[in-house]
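In what follows, a structure is listed as structure tokens, so that the remarks can point back to it.
Per-chain numbering from 1; labels A, B, C and D assigned in written order.
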Amino acid sequence: MDFTFWTDPIKVVNQWLMFTLTGWGLSGAVASVIANLLGIVLLITAAMVLDIMLVWVERKVVARFQGRLGPNRVGPFGLFQPFPDIIKLIIKEDITPDGADKVVYNMAPIISLGSVIFLWAVVPLASTIYGVDLNVALLYLVAAGALGTLSIIMAGWSSNNKYALLGAFRQVAAMISFEIPMVVALLIPTIIAGSLSLQDITNAQVNGVWFIWLSPLGALLFLVSAIAELGRSPFDLNEGESEIVSGYHIEYTGMKFGLFYAGELLHAFTFGGFLAVMFFGGWHGPLASQYPLLGAFYFVVKAMIGYWLIMWVKYTVPRIRIDHMLAFNWKFLTPLGFALLIVTAIAHSLLKDLGFWPYLLGMLASNIILGWITIEFLRASARKQRMSVQAPKPVAQH
Amino acid sequence: MDASQVIFILSAALIIASAVMVVTTGNLIHAALWLIASLFGVAILYAVLEAGFLAVVQVVVYIGAIAIMFIFAVMLTRKEMRDKGPQVNSSWPVAAVLGLLTFGGIWVIFSKWDGLGKLPAEIAGGSNATLNQLGVALTSPDAFVLPFEVASVLLLAALIGSVYIAMNKK
Amino acid sequence: MIPLSWYLYLSALLFSIGLFGVLVRRNAIAILLGVELMLNAVNINLVAFWRYGNTVSMAGQVFAIIVFAVAAAEVAVGLSLIYSVYRRNNTVIADDLDLMKW
Amino acid sequence: MATETIIWLIPLPPLLAFFLIVLFTNRWKALSHSIAVSAAGLSWLGSMIVFIRALGTEEFGKHIFASAINWLPTGDTFLKVGVQIDPLSAVTLFFVGWTVLMIFIYSVGYHNFGQPAGDHDHPGLPPHGATVTDEHGHSHAVLSVEPMYSRFFAFIGLFAFGMYTLVVSDNLLTLFVGWEIMGLCSYLLIGFWYAKPSARNAAIKAFMTTRVGDVFMLLGLAFLYSATGTLNYREIFYNEEVLHVLSTTATPIFGLTAAGLIGLLLFIGTIGKSAQWPLHIWLPDAMEGPTPVSAMIHAATMVSAGVYMVIRIFPLLSAGWVEGGALTPTMSFVAFIGAFTAIFAATIAVAQNDIKKVLAYSTISQLGFMIAALGVGAYVAAVFHLVTHAFFKALLFLGSGSVIHGMEHGVLHTGDHHVDPQDMWNMGGLRKKMPVTFWTFLIGGFALSGFPLITAGFWSKDEILADAFVNGHWVVFTTLAVAALMTAFYTMRQITLTFLGEPRTKEAEHASETPWTMTLPLVILAVFAVGYGWVGIPEHFPGLGGLLPNWFHGFVGATLLEEPGVLPFNWWPLVTSLVVALGGLGLGWLVYKDVKAGQRDPLENPLGAIYPFLKNKWYFDEFYAYFVVKPMNWVCEVFTPWMDRSVIDGILHSVARVALFIGGFLRNRIDKPIINELIGDRTADLFWNGQNIRFIQTGRIQSYLIGSVGVLIVIAALLYYFM
């Protein structure tokens, strides 16, 4: 038996498919189009299956955080719980509000999930398993995020509900704002690897060192802005239950709501994956280069850890106020991001020719120094705030 | 007819149809959404033209920023969510004639030009080389660094100016 | 292979449609939408000429990027102008903003 | 660092200092002046490094330091911007670096840093002094610190940036940029005490007057660019082909060649900037600014920039001229302007009472020397005099500032604010009160007069005279010799009145020496005022010639394509300079040695009617007021209404009459009998027409747009059809 199948199934299947299709008398171009289409279907299917399992993961993890057991009735460890959930969503009544803008209302959830699925086109699951190696992949990531923004505003507007509109406004304002530190954070691996392509970034880490060691601050920046971009707690103002009920998907029921929900979970997982690709070596791991399937496994594990980090934050930190959130972005994250970008660019261009260790230590040191300065700065401003709060208040003279 | 031609015709149809909807539809939010569809078609054309960077930037800038701003502006400048009354002014027949004349004029001028049937040549080095060249061109003093810097100053000025104009001066 | 003329005719058509929109729409925001269409028509032309001309010199793409920047600036300033007009006059209908009449 | 990199960096520190001070530190005086002085120090350091490296380069005239980058894309080519140090700019950089640094340091003391804030001081007025109470309870009036201290340093920082840019640039366009930055700074600095009306007027006058020159200069630049396609020094002035083409192309104006016309236009810029007759009027008024400004702008750097530029374009002026041959028309013009200015300003200086005004006119006169030298082709002599003059004139100005400062101290002591601390008749005997100032001023004054053998001024002035003599330019030679005589005379008059004799007022008795920040620059500049002359002693000079090699001639001469030849020695000019220098000095001392308080100028009687003529500056201000300003006002006030009422209204009226006639004709012959019969009431018709036509002005943007697009299409169609 040929062992290659187990190390690199995609390649083998692709070769077999091409061979078969051309054997049927199709031209090479048509055959490759069909093979690519099949690949896309396969990728989306895999992502959606993963998505289903994420429902279980999410429910289980949140339960453990809250000291509960979580789903445990259907299947071992409640593993089959998502399926009843899905069935429930599908058979629920599908309500479209009276004043809703029908077409837009129905398109919004599709675009929402679509914008997440688009992201999977560039995710490098392994050295040979990926949708496409785009040379502007990081920019593509931002572009797909823009589609997500669009879906939210479409949903919020078309629902003809003031809570939905308010929630959409909040979410869009947050997403547009946090896009800036996120793009800056994305530029840091770009500078270090010298490429916008995710495959190149991964390869740079395979041949060198994981970028988390070169730019821990960049990773942190990316994590924070990704959480805000996802609209997850502590930045989940779009669905602040106490004030605007449920945000932009307040009017959605049944599977339309399900699409939003699935999109959100998959989005979080995908950002965990991007965190892994850009700072934790992607599919890099022992033997991963020889056995791409193993690389895919490493990738999923790393992405899971990233996803778990995001969940950890979500279920630990309370929601913050919208003005605080925007101030946090504009007055802290964005300046920090630009400072980090400048420092990284300078340090990289100064140190890159000095060899491995000076480069690694220099980059790390520059990050630590910047982080230290930031903390000192924060401490000073916090002290100032405390002083002004504690200062004796002027007493009214009669 | 090869694959690229099919893609071109499909996206051109999308662009034109959406553009017509942009200028005719009564609902402004729809107009903005149609604009997005039209610009998305333009992005596809960029990809066909092997300007991948521009395609992605088109999506980021137009759909991610400009269109969203349009939708915001529409929502901010409205007491009710829908417009009433005619969406076009009374001189639309004149304007239509002018639009047709413009198109016709450009058509006539183009049709006299002999470079029309030109076919694209292979790009040396592929899209990666193009991207590198673009980066170098934008930042090299021998090329376009000055326009690039001027554009950044323009954006800064626009940022400050628009904040100032839109600010609610009590 | 697509001949250059396709792009040129497409951009001419798009430009004319945008022009029509600018000339006839009553809502000031819709006028700006038309302007965006015209700018994109120009951009198609620029990129097409880049692709069919000298691909080593990046002038076409660079110009397109400058147009992006100009479009972004134009929308930002234009919309804030419209918004401030709206606050003052309570309307965004271009025909109602005719203080310069007679 | 590579020399080219250093050259690029030289102008930057002062600019940075300007922005730092303006944006961040203008509230902290000490910080501001530290930034400014260290910026000047950095530029000085860079200049010195570049200068020393230039000295160490073999055949520097051929292997200059130059570097350029692309700046503006102009179609397929680029407008380049670059820096270049050739021998000429190297020596300029040397003196600019020194004088600028000295003036920066001096300003710290001049603006009374460390003194308390004044009692009634306002921003925009000179400090009036403060009252302090010592431990015994006595209150003293002391000098107070300038209220806009930081602003001053910001301005002079920007000024220094302009000057360094001008010196290091390798083309006339960036030179012009630096030139205009300095023009702006000079405006700002002359009007520094903007609450004084006289300062405001002086600032405006300086700005407007130099503008006249600048417009012509810009025309010259445009002409040059269109003729050669470049503004780079090397490509024009070091390029035989270009020069030859320019010198043989005829222009329709005055029969000048292209080179001559361009040179003339550019030279008019210099007339404005370097305050040559007839655009000299702004410089004496510019003394309204603080004294370091007078020193910097009006002696050491800015007015030197004008001369520097005309030295730069010397190959253009002299294109078609062979050494020793007849002068080109442009050169004759230059020589005439220079020589006339030299003597004209010297005569005025003789009758001035204000210590700074004397120096101002002396500056104009000395600049005239340089211009005249260039006019007769004495290239190296002009550069030499430019450098030495910058040193000793900066020294003199700073010295006069120190005197004024000391006198202000006396004024504060007596409390009599009607005594003008700048009037030399109020001084006298200051040598004992202010020894450092006295000795340095004496050195500077002797250098200005050309005191033989020791001082730098002697060597440079002598070289100019010798050049004019040997090449047979008699008129220029005689004029300059007389001017030099007067120079020595008024210098000695100034020294005698200020420092010698007995104090003529109580204020002068109580004057005191100024702080070290002011005297240190004086001492350093005094060293140069003496020593710099020794680098340019002619080889054939009896006795001294050859002891020190004439380094200057060889070094600077290499800037030109053909090095100017070495002059043969001639006794006549030497004797002349000896006679005029010593004679002038002696005469000045004799006339003024025992002037008493309240006495009138001893020259008043012998000169008779000429004295007020000189004292009032040949009535030039009045002349301009009468013949330029007044006609302008007259045009505006009288001519315009007249024009309006008689000519334009007349035309209108006649048109109206014709129209009336036609109208009457139409009405009576056509309208009434024919149209009215057919249509009916006229006014109602007109009203109806108006009602129906006014719709075209809708006030709606889109209607106008439709109109524009329609017209555009029509025009495009016509163009397409016909072309």
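Here, contacts are C-beta pairs under 8 Å (C-beta built on N, C-alpha and C of every residue); 3 or more make two chains touch, one makes a residue touch a chain.
These numbers come from a predicted model, not from an experiment.
Student: If I rank C-D and A-B by number of C-beta contact pairs, which comes first?
Tutor: Between C-D and A-B, the larger count of C-beta pairs in contact belongs to A-B.
Student: Whole-Å distance, chain B centre to chain D centre, using C-alpha means?
Tutor: Taking the average C-alpha coordinate of chain B and of chain D, the gap between them is 53 Å.
Student: Could you grab the centroid distance between chain A and chain B? Build each centroid from C-alpha atoms only and quote it in angstrom.
Tutor: 28
Student: Round to the nearest whole Å and give the separation of the Cα centres of chain A and chain C.
Tutor: Centre separation, chain A to chain C: 33 Å.
Student: By residue number and range, which residues of chain A touch two or more other chains?
Tutor: none
Student: Where in chain C do residues touch two or more of the other chains?
Tutor: Within chain C, residues 19, 23-24, 94-95 contact more than one other chain.
Student: Quick check: what residues of chain B touch more than one other chain, meaning two or more?
Tutor: Each of 53, 57, 65, 72, 89, 91, 94-95, 98, 102, 144 in chain B touches at least two other chains.
Student: Go through the chains and record each pair that touches.
Tutor: After working through each pair, the chains in contact turn out to be A-B, B-C, B-D, C-D.
Student: Tell me, which parts of chain B touch chain A in their complex?
Tutor: 3, 27, 29-30, 33, 36, 52-53, 56-57, 59-60, 63-65, 67-68, 71-72, 75, 81, 127-128, 131
Student: State the interface residues of chain C toward chain B in the complex, per the touch definition above.
Tutor: It comes out as residues 1-10, 12-21, 23-27, 29-30, 32-34, 36-37, 40, 43-44, 47-48, 50-52, 55-59, 61-62, 64-66, 68-77, 79-84, 86-87, 92, 94-95.
Student: Considering only the defined contacts, which chain C positions touch chain D in the complex?
Tutor: Interface residues on chain C, with respect to chain D: 19, 22-24, 31, 94-95, 97-102.
Student: Along chain B, where are the residues that touch chain C in the complex?
Tutor: 2, 4-5, 8, 12, 15-16, 19-20, 22-23, 28, 31-32, 35, 38-39, 42, 45-46, 48-51, 53-54, 57-58, 61-62, 65-66, 69-70, 72-74, 76-77, 83, 86-89, 91-92, 94-96, 98-100, 102-103, 106-107, 110, 115-121, 123-124, 130, 133-134, 137-138, 143-144, 147-148, 151-152, 154-155, 157-159, 161-163, 165-166, 168
Student: Please name which positions on chain B make contact with chain D in the complex.
Tutor: Its residues touching chain D are 89, 91, 94-95, 98, 101-102, 105, 108-109, 141-142, 144, 146.
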